[in-house]
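We call the chains A, B and C, going by the order they appear; numbering starts again at 1 in every chain.
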Amino acid sequence: MAKSSSGNFFEDFRLGQEIVHAVPRTITTGDTALYSALYGMRFPVQSSDAFAQSVGLERAPIDDLLLFHVIFGKTVPDISLNAVANLGYADCRMIRSAYPGDSFTARSKVIGLRENANGKTGIVYVRSTGFNQHGEEVLSYVRWVMVAKRDLAAPAPETFVPELPERVAPEALALPEGLAFSAYDRAVAGSPYFFDDYEVGERIDHIDGMTIEEAEHQIATRLYQNTAKGHFDERLQRESRFGRRIVYGGHVISLARSLSFNGLANAGFVAAINGGRHVNPAAGGNTIYCWSSVLEKYEQRADVGALRLRTIATKDLPCADFPQTGGPNESSILLDLDYWVLMPRATR
Amino acid sequence: MAKSSSGNFFEDFRLGQEIVHAVPRTITTGDTALYSALYGMRFPVQSSDAFAQSVGLERAPIDDLLLFHVIFGKTVPDISLNAVANLGYADCRMIRSAYPGDSFTARSKVIGLRENANGKTGIVYVRSTGFNQHGEEVLSYVRWVMVAKRDLAAPAPETFVPELPERVAPEALALPEGLAFSAYDRAVAGSPYFFDDYEVGERIDHIDGMTIEEAEHQIATRLYQNTAKGHFDERLQRESRFGRRIVYGGHVISLARSLSFNGLANAGFVAAINGGRHVNPAAGGNTIYCWSSVLEKYEQRADVGALRLRTIATKDLPCADFPQTGGPNESSILLDLDYWVLMPRATR
Amino acid sequence: MAKSSSGNFFEDFRLGQEIVHAVPRTITTGDTALYSALYGMRFPVQSSDAFAQSVGLERAPIDDLLLFHVIFGKTVPDISLNAVANLGYADCRMIRSAYPGDSFTARSKVIGLRENANGKTGIVYVRSTGFNQHGEEVLSYVRWVMVAKRDLAAPAPETFVPELPERVAPEALALPEGLAFSAYDRAVAGSPYFFDDYEVGERIDHIDGMTIEEAEHQIATRLYQNTAKGHFDERLQRESRFGRRIVYGGHVISLARSLSFNGLANAGFVAAINGGRHVNPAAGGNTIYCWSSVLEKYEQRADVGALRLRTIATKDLPCADFPQTGGPNESSILLDLDYWVLMPRATR
């Protein structure tokens, strides 16, 4: 019996199946330092213990997306090792704050299956949930991936496509425990713009660009213990349809998030990801740019508001003209992400 | 008097000589995070404080090979700065658990010398030992290197070749203090295979490949404070027989160890290295694959067994066919390593 | 109103203007581990908690240059995002020891302005100061940069050029609190040479070379939250006078500092930077070498002396012949740095 695993194929999944993922993982300040260095993160609450304490937290929390990537990474060996494509995310909610020193595990449940008409692949929908060392949920999301069949003769499962919310309802967004934005220092934070300064429909060019090196995305993706071969095995990838290693889509999300500081400096928390699509794959040498638009606003408390943002990231194409998916620049677009951020509100 | 050093040459070594190595070093969670990110380590005890505590340890210990590389790195400026080749290792024993926050030093003793017939080089055998901040031994190993002579006219020392054990006796393997594998959770660890599931003679293809980037091996090798020029100085190396930088052999060991998780997920501790040979040097751009065979088994306790493994790592050659040294694929083989790992045993 | 910023231009600065910089930042052992791995730092006090304690400190302090880069990084978005050239440093003093876990902020004051004759650029002089979480100054320095004008028709400010000291007076150098070099262990530190062994006029070739990879300088520069586009945006830089990304000058300073261990192993503290010039920009693929000369000596205490050093760093040019600025190797010279280090004195 082979002791190494080539991962699950489409016919290995059953509706309702529960999967306990390897590997348990403590996130330390070593991991948060690496995360900062890989993306140049500048959001002040995550950057400084002193600043975090000034807004009511214990210390600088783990960046929401670092936690997302670590939980996501755990699901890869079971869910997407044989994925042909990572199709989408939905209903991703950050449930509970996480701090360096916390230990995480992850579990998934198969919530939908649909074999494709070609009989070679199928779509698997999973809800994946991360837990801390106390067994409390820290985040939860749905993703769906197209997975190859091992045996083309394997019978198709009954089709079930789950109903997914178009967006996380803002009333349902969790606030970090203890958060008090009333004392938020906008001078040291780097931007005078608070929740009340943004308008629905507003568009922001984040201006700066960042070129991806192979070593960088490999180091990041290994930090997340994500084992998808396409990110690491240049020899194998030369024979693939891409012809080379491709960058973990989450790496592009974090790069765009970091670049978005220029224009959204006070949007330090991602409270939810409503949906996301990796429009094209990124590769080493690509320079990433991005822009955002404000889709929706929600006043959560006197001191906190939630902005629903759409961020578009591109490769080798600056975003001063706000390039759109579906337009002439489609091949330059990498990411189309819809998410909620939390922002301080102006005190009166 | 020159204050910078070009390292020791063959004629600088004396049988019985004791060398105190620079530099004292604390290994922190910053170092362990980097180690994870450089190799994608997934062994659960080293990955999670919570998991480590579930098997009786204080917290996630320092990976055995990270500790090995740090101690090894200290020996380089004194032992192998003028090495022509790193010939072998023997009798490497992990003696005591090490945790983030511990501080280490290293000392070596010259235990053998043999000038080569060409009169240009000689072989130096050293036993190197690492100590923690309490002065306790944490690991000890023998290595032998071929070192250039500075002055070809320097007289040859008396030849002494130490007797070295073919393998560390399994009865002598140290178990981490407090280790209790009885509560080991194989679902969250990532593999159902325990000590009792492996058979002597069994071969395991670890399947996955990892491409080495120059930045990665340089970052790793500097993390270990290893100063061997061949890993860092591209200009100098262009004039060498390799024509370019070569990768620290220990980097290949750690890559192979990380890849071996796929098939050996519960082999979280390296208890000893019996021997090892860097068959060919690796360079940036090489994709590393590996396979292992089980050489020997030893039941240490009701909850712990030791597997003696041989792991062969290759460049640009997948290992489904189990390539051997001495065969037609010799030039693709990088590493031939013989070592003991600890594994939980099935509870009845 | 645009919420993203393109940085200040020359006409945006006013003499006497005070600028509070983003982003507050805690430096952790994660950051210090990365710093070690990026440069291969080997100075024992910063490398080992146990060694640091043996010389009277709480634990391994933050490397002086890491702290400098972090404070410098904060000033970039406000001061030098539109810099044409980073012209010089002066009067940089390390004022107070900093330890992992400390949180830092930075402020600058505009202390000089001079428009250039061409009417397109001007020189801005700033004094920048870093503070810890207690509001205490940790370091302070002057730098001057040539900054582009946005609007060429903007009127020139009154010219004011501050008087700057040629060097920090050695009597003014701060010693780390608690430092007692009397118990300094030179065997484990790696060099027998103490303050009293160095002579004014002495020159030291640091011998070793280190090749810079793009991923390395990007990771370092992001670690410092330095947002200068020229280091990150390959697409944009292709259109620049350099034709490619250039390396943050501070990265070269830290590489030279790390290489200088070979010859200056006991010079673990940078107490001040008297002046510095980036003679030429470095780029990925360059191999860095350096040499130092002793400019001045000052006996601070019975156990501590200060050496004033000049370190010259080159690209692709070994320094056995001590290449000078202004000579035939000018185009190979990257850095000319004048600084004070602290060294233990021989006890009698």
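The rule we apply is simple: a residue touches a chain if its C-beta (ideal position, glycine included) is under 8 Å from a C-beta of that chain, and two chains touch if they have at least 3 such contacts.
Bear in mind the structure is a predicted one, so any value in this text is a computation, not a measurement.
Under half of the residue numbers at the interface between copies chain B and chain C are found on both sides, making the touching surfaces mostly different. Superposition of chain A on chain B using C-alpha atoms only gives a rotation of 120 degrees, nearest 5.
Rounded to whole angstrom units, the spacing between the C-alpha centres of chain B and chain C is 36.
Shared interface positions of chain A, i.e. residues touching 2 or more other chains, are given as 28-31, 33-34, 213-216, 219. Per the touch definition, chain A reaches chain B in the complex via residues 2-6, 20-26, 28-31, 33-34, 77, 101, 103-105, 133, 213-216, 218-223, 225, 227, 229, 232-236, 245.
Partner chain C is touched in their complex by these residues of chain A: 28-34, 36-44, 47-51, 60, 187-191, 193, 197-198, 202, 204-211, 213-216, 219, 262-265, 285, 287, 316.
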